[in-house]
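Labels for the chains are A, B, C, D, E and F, by order of writing; each one numbers its residues from 1.
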Amino acid sequence: MNENTSVALRLPAPRPAQQSAAEYLRHGQTPFFRLPMADFERPGAGPYAGADAVLLGVPYDGGATYQPGARLAPYHVRRTSAFVQPFHPFHEIDVFGTLAAIDGGNVAIPPFDPEIVRHLVQTEVARVLAAGATPFLVGGDHSIVLPALRAIASRHGPVTVVHVDAHHDTSDGEVWGNDFHHGTPLRHALEEGLIERGQLHQIGIRASLGSADEAAFGLEYGARVYPMDEVVAHGVEGIAAEVRRAVGLRNVYLTFDVDAIDPAYAPGTGTPVPGGLSSREAIALLRGLAGINLIGMDLVEVAPSLDHADVTCHLAAHLLYEGLALAALRLA
Amino acid sequence: MNENTSVALRLPAPRPAQQSAAEYLRHGQTPFFRLPMADFERPGAGPYAGADAVLLGVPYDGGATYQPGARLAPYHVRRTSAFVQPFHPFHEIDVFGTLAAIDGGNVAIPPFDPEIVRHLVQTEVARVLAAGATPFLVGGDHSIVLPALRAIASRHGPVTVVHVDAHHDTSDGEVWGNDFHHGTPLRHALEEGLIERGQLHQIGIRASLGSADEAAFGLEYGARVYPMDEVVAHGVEGIAAEVRRAVGLRNVYLTFDVDAIDPAYAPGTGTPVPGGLSSREAIALLRGLAGINLIGMDLVEVAPSLDHADVTCHLAAHLLYEGLALAALRLA
Amino acid sequence: MNENTSVALRLPAPRPAQQSAAEYLRHGQTPFFRLPMADFERPGAGPYAGADAVLLGVPYDGGATYQPGARLAPYHVRRTSAFVQPFHPFHEIDVFGTLAAIDGGNVAIPPFDPEIVRHLVQTEVARVLAAGATPFLVGGDHSIVLPALRAIASRHGPVTVVHVDAHHDTSDGEVWGNDFHHGTPLRHALEEGLIERGQLHQIGIRASLGSADEAAFGLEYGARVYPMDEVVAHGVEGIAAEVRRAVGLRNVYLTFDVDAIDPAYAPGTGTPVPGGLSSREAIALLRGLAGINLIGMDLVEVAPSLDHADVTCHLAAHLLYEGLALAALRLA
Amino acid sequence: MNENTSVALRLPAPRPAQQSAAEYLRHGQTPFFRLPMADFERPGAGPYAGADAVLLGVPYDGGATYQPGARLAPYHVRRTSAFVQPFHPFHEIDVFGTLAAIDGGNVAIPPFDPEIVRHLVQTEVARVLAAGATPFLVGGDHSIVLPALRAIASRHGPVTVVHVDAHHDTSDGEVWGNDFHHGTPLRHALEEGLIERGQLHQIGIRASLGSADEAAFGLEYGARVYPMDEVVAHGVEGIAAEVRRAVGLRNVYLTFDVDAIDPAYAPGTGTPVPGGLSSREAIALLRGLAGINLIGMDLVEVAPSLDHADVTCHLAAHLLYEGLALAALRLA
Amino acid sequence: MNENTSVALRLPAPRPAQQSAAEYLRHGQTPFFRLPMADFERPGAGPYAGADAVLLGVPYDGGATYQPGARLAPYHVRRTSAFVQPFHPFHEIDVFGTLAAIDGGNVAIPPFDPEIVRHLVQTEVARVLAAGATPFLVGGDHSIVLPALRAIASRHGPVTVVHVDAHHDTSDGEVWGNDFHHGTPLRHALEEGLIERGQLHQIGIRASLGSADEAAFGLEYGARVYPMDEVVAHGVEGIAAEVRRAVGLRNVYLTFDVDAIDPAYAPGTGTPVPGGLSSREAIALLRGLAGINLIGMDLVEVAPSLDHADVTCHLAAHLLYEGLALAALRLA
Amino acid sequence: MNENTSVALRLPAPRPAQQSAAEYLRHGQTPFFRLPMADFERPGAGPYAGADAVLLGVPYDGGATYQPGARLAPYHVRRTSAFVQPFHPFHEIDVFGTLAAIDGGNVAIPPFDPEIVRHLVQTEVARVLAAGATPFLVGGDHSIVLPALRAIASRHGPVTVVHVDAHHDTSDGEVWGNDFHHGTPLRHALEEGLIERGQLHQIGIRASLGSADEAAFGLEYGARVYPMDEVVAHGVEGIAAEVRRAVGLRNVYLTFDVDAIDPAYAPGTGTPVPGGLSSREAIALLRGLAGINLIGMDLVEVAPSLDHADVTCHLAAHLLYEGLALAALRLA
């Protein structure tokens, strides 16, 4: 590709899956995980044809109630994800060699109208699904899970949701004068029937609440809540095993709010709650889900302006990688 | 309160305990936990009358030997504590609905004379006690625990002290030319008889020492030390249970030095020691003390200038909240 | 107020204007400039009656196109403004002794609907004006100047606007799918006739543009633009003198976007543009406007999460102080 | 390009020069200034054919003597350069509409052998020149200017060099056991005859020296040094005018070390020296060179790990933009 | 030593081992752990004669592939190590009273030639060994372990290596055009026969890999790998016990890459990998090795420019202290 | 000194004045400006005999009213001062070759008793003076100037003081319950007659005041105040010339509070005031004093915990260097 590099860099044979480190060094660009970009100019089949998985940035944080900034996460997670290699040391699988994953760019969002944002996210996720690929969304704030689930449910019917978070995200939210924001998406998803009854699994919940009612909402829909102290008591492997048993062969959507993780490991988030998962537990939790039928994932609430030395962005890249590995394991 | 907010914000019915998020947003001020401020102008009963608990800032760090800065903690912990909600997810109690807590402002300290500082802290804590309320001090450095204990003991007699810290705080201290500073308060408290013999419980101790003598001092007074490796071996729940048994129905004062916690979780402190508690363990430790008869608490050594993204200040607010919950549980 | 402080702190005689440093230390709260808070409970005259000036926080950044975060500025500017003293060293006037200024709290904003935000800001500014006071808004992003000007113009008719900024803020904005955001408020204000023809004075403009048209828009309305290089050539005193002559006795609204200032002095802002004013020039510019008839001011686009060591927040407090001094000079 | 964006984003007609903000938002990638990437796969003419200017990242800092980190600058300057718009507010020219500029990716450098690095940089710059385009290098440390000048001189013969820096960069360097590093490139360039006698113009020099000899070296080759105090006395416009007269119609290579600028404006650099240019002066200096025949430029020594809130990276992007504008002005 | 300090500071009797805090305060210098500096002027026996242990800084990071900066670690770890006291709270031993440790200064490295660097490091470590002392190297990047092992093996023959790291450090490395860098030192050490077959113990390994082959390389030499998930499953005490049994009475070299530790605890490192050891586990791991025959140690990859509030540098000092304690225990 | 360095580093002939960069690299220690340390063990003449200038750290910040932290400045300024070279580019003098300067260590201060601190500082400065050397104090907070002036005046009689600062430092201070702190030293110095009448020159003053009286205090003693706006109007060279004329051949003590400089250039300080000197002006101001008879200097109020990328500490080192150059010029 570049004759002069033959002097010193040994460029590997072409591989469609992921650029080598040297290629990445040469290109200077930062698609997620050094993956191929979707070809937006391609006639016919559309930009996602042939992909097993499409990573989509959603640079939107208009749903944040406290500290915004998650809109910039897709740029920084792309940059840090370049340092993840294809061979997974635990599952012992070549993730990008097994799974044809591409960077689908961002959902191009006008940041000022939440309703249009929801429409655009839903449309784009639907397009990924229509191409037969699994969507991986990189938020953005957590409000984007609602349109993602609308697209998912509109294709697959009510689904199973594994929800890792410090918060229930089922609050009433009317105190804010509008009940569509990053504290309410799962309330809406439950109310709209996007989630199969008894198939909302909430892990890591620990934030203080406005009232006892907040905790009660999901229970009416059969939600299974694993608050943080239960996670500690049973261990993440135990929780993962229980979830795996409960979901069986169902279609599973995984929504991961980075504030599930303790602020020590993930300071770059807008609504931090002390007492969360360690990075190790978060990774082990996802590894423990191996075998589930993952049909979509999001990783949300990374706020780079509050990060330090990219620790949150590096962690976010690794959590996405664990999700991609789950998808690769199904293909392998 | 503000007619135009009726357009969009649904203001809850008045509650004396804690401002709603919307009220907080409107007032723009940051009393601890959005609580009412003490009314310093009130004639008669004094500013703390009717309160179950009074939070007092102590903006003093003249007792620090290494990195100062804790004097600014009350301002920042007030700010971050606004994001704590009333309903406690573990104890399942409405903390501020149960406990009439107020923000008593700061002890107004002239920063240059440690002796006057001790006098003023003692006087103010005594005033809180005289009003029948439980004092919660937000330091400031750890030297403030001595005058607090003087006030406590002068009312209740020698008390039980649960002391969470990386350091014994019983050093000789004369190397510094003065033996009243943040490394010596418990030595003085023991020598002055403010602590009941056998009722000093020190948890999380791990710092390297000048000599073996330092570790020995407290033992002469029957102190029970749980060094960090023992905490790890038994688990914080185990330690909490043992402490709870040992203190029984005694009056307990809880002094929490944030450097008990590992610097990863609490970088904003002046004398960090690697290898400490996680935030989760710190919270679980306090939860494990449910049932003790808490008559006072301090949270000290938070240094905001060394913090990042407020992680230490958010944690400090949550640790105070756990202490307040212990007091609320007694009332409930 | 607090008997024990008589031991060591010499509390000054009561002054209605600003708490003394000792009072501030005692109260622990952080109203703007240690000023009295508006009394929201007061029956009858309303919270702003009797005030010459009302400082209002506007914790909203839903109009930001690049990096958000300005919604948190009111909390941090309150904190840093506590360190500003009443006697102005240049104008030699006791600002808070002359001008009865109060902290009016925040406009309580539901963050998710820009239209309601505009309504609420306009209503609250109108209320300040109705009380006969001068509003000083602490943003928040620059989109809030539009509702402020609507309230102003609805009371005073089309006004003179002195606009200090790196950007024209008259862009088309439709690229974002919505033309109400922080890049367009002055376009709307001109189109709605809120600004007197020929009385928009834009100082410090220097950002690169999408096209030549952007620079041309204001000119159609007779805007006078002082781009940064002209400011350098003439000096801020020269510019101030020219503006002062041009505005004469007119009612002047001052809108100050902190990104007018170079990122070295004001790193805490969402859309930084190198090559701006120094803090000294910004202060001198406002001092040079002494004598104008100031009827309102805002200071916007301070983003604390991007700040370092509070330098931007300290500067913001000083710029507001210069504006308050202009108002005080009119009263003196 | 993306049907759903038609809902809300008004995508402009295709323009080859620079992506619109909306396109950038959609693509999620960060080529310099949102420019087209070189097409490395293109058969025949090579990746740079048809370009007027090629931006090349050089992620190498193996020549740094104090704090490294400049190797990461190309990634971060790409990111911040996305916020620069095409229309230049001072020269009033559509920079990217006039100049066909592309992002040529990085020189793919094995970081461990300075000699190979020099070979690769020289080869790649030669390739850009062979394509008839002007190279713009984004370092990396300042050692890369030597191979760049070798390529330049090998095509154009000895050239004029305008060198903006805090240091002479002509030190002996043998103290480090090797005389090829970021403190010596201009010594080598002079010794190798790459610079026309009397045509080295050094602006902003101010660092303390090992001995008087260091300052004397360049003078033997007729270098014209404008130390910082002379820059202050004459003003950057004065210096620019004098340089412009001296260089006349010669081919000029511009090498800009970001440490020429004061650390307040450019903290993200490895060898900071207080007392430098302001960002405004740096920009005005480059604007003052309008009319010179620019045949190449580099911007070096940006170290993102030492930056804060991207202020240095934003400034670096703007300085490159000023250089691109100089090239565009020649074409216009 | 300083008469005036007698006024207020009680200086302890002279102790050769470590300055008291007061002496440190007086001297203002920062040798590692307040230890005596080697006397480079001493005639005859050489600077290390009589020492049991010599701490050597190696300010070199020319072997880093991603983020450099480790060259500055020796300066910052010296500073933070001043806060470690002599009496070890777990082993209950006066470390510096037992072990005659000195600060040997830095290996004076010309940063531009990796081959000379390797030569100098090897020579200096050999000199420490020749003086009968145990070397403790403070990197610098991990490439320095190769010359250290060459010196060790040239004295002791093939040794046992306990290697704590996130990475195998046995990669092929030719992708970088040179196979001597911080990702390959143990490959070379194995190939050169510096490590006894079956006596490479790798703990904490967890990074994603280029291919399955990378993990396989060490296994051919009988390396025992404890990946992170096995460390979690068995606990660090379990791993330490197993290693201790496996090494028996052999000579053990300990090489500790700070990226073995999770980025939350050690953000200041160039190649962070989420999911690592906690600081507590890292300390317990070293404590668990008590009884091994430690003949050398390094602590590498601390990058201060990426650190926050010195947390990584404080941790690095404590890890070195644990290594010194292991050496002291052998002497006791 | 170190045989192996002969392989690659060319060590210069011994020079008593300042270590070479290579020597510094080898020693790993950080005395101010790589100067020799005072020999505290030397019998007879005392540690300062033979020195022309003695740099003393004063790690004390017990006089700070707002943000402390200056106690750590001596450690960090030592580190950054290592990067200053001997040959002064403006005065064209080998500063350390001309002036026999040494690092006198720190004044060993027990941090808890301001009166003892004053005693110790005075004693140590007197000792430097007794040795015939010029003291250069590196604070610490500004309260240390009082004991320094006491020592100076006790040797030389009332002196001339050039005071560069944002504040008058002549406040009443009794609001703090004690009138010895960093806001009052010059009031005491004037009242105690340590400063010659009419020979207090205050430059850069700009902070807001509690009342008009504060500004008036110095005037009663004939102080000449150059507020910031006058400095801007006349230029620092003009001010320097006027001061130089006014002081003539008198003995001059220079006290430099780093908050005289704008927070953009010196964020690492406890009481920042926007609108100050640039680093360039500060340097030019000191250069403009060439010819004065400097008999002592301090540089105070550097707070490293608030600094970023060492910009304040690098600047502090350069300002001290300018003071040392003034002393060297007198000797040359």
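As a convention for this text, a residue touches a chain if its C-beta (ideal position, glycine included) is under 8 Å from a C-beta of that chain, and two chains touch if they have at least 3 such contacts.
Worth saying up front: this structure is predicted, and the values here are computed from it rather than measured.
Novice: Could you tell me which chain lies farthest from subunit E when each chain's centre is the average position of its Cα atoms?
Specialist: C
Novice: What is the chain whose Cα centre is as far as it gets from that of subunit B?
Specialist: Max centre-to-centre separation from subunit B belongs to D.
Novice: Between chain pairs A-C and C-D, which one is joined by a greater number of C-beta pairs in contact?
Specialist: Looking at contacts between chains, C-D has the larger number.
Novice: Assuming a repeat means more than half of the contact pairs shared by residue number, which candidate in E-F, B-E or B-F repeats A-E?
Specialist: Matching pair: B-E.
Novice: With centres defined as the mean C-alpha position, give me the subunit B-subunit C separation in Å.
Specialist: Centre separation, subunit B to subunit C: 38 Å.
Novice: Which whole number of Å gives the spacing of the CA centres of subunit C and subunit E?
Specialist: Taking the average C-alpha coordinate of subunit C and of subunit E, the gap between them is 54 Å.
Novice: Take the average of all CA coordinates in subunit C, do the same for subunit F, and state the distance between these two points in whole angstrom.
Specialist: About 38 Å, centre to centre.
Novice: So which stretches of subunit B touch two or more other chains?
Specialist: If we look for residues of subunit B contacting two or more partner chains, we find 8-9, 22, 110, 113, 116, 176-178, 262, 264-265, 278, 305-306, 308-309.
Novice: Which chains are in touch, pair by pair?
Specialist: A-B, A-C, A-D, A-E, B-C, B-E, B-F, C-D, C-F, D-E, D-F, E-F
Novice: For the complex, which residues does subunit A have touching subunit E?
Specialist: On the subunit A side, the touching residues are 7-10, 12, 20-22, 83-90, 92, 94, 262, 264-265, 278-280, 283-284, 308-311, 314-315, 318, 321.
Novice: Quick check: in the complex, which residue numbers of subunit D touch subunit A?
Specialist: 1-2, 4-5, 7-9, 22-23, 25-31, 37, 40-41, 57, 59, 74-75, 78-79, 103, 105-110, 113, 116, 119-120, 123-124, 127, 305, 309
Novice: Going by the contact rule set out above, which residues of subunit B touch subunit E in the complex?
Specialist: Going by the criterion above, the answer is residues 66, 174-178, 205-212, 214-215, 227-229, 232, 262-265, 267-268, 271-276, 278, 306-308.
Novice: Under the definition above, what is the set of subunit A residues touching subunit C in their complex?
Specialist: Contacts found on subunit A: 61-65, 67-69, 71-72, 110-114, 116, 176-178, 180-181, 303, 305-306.
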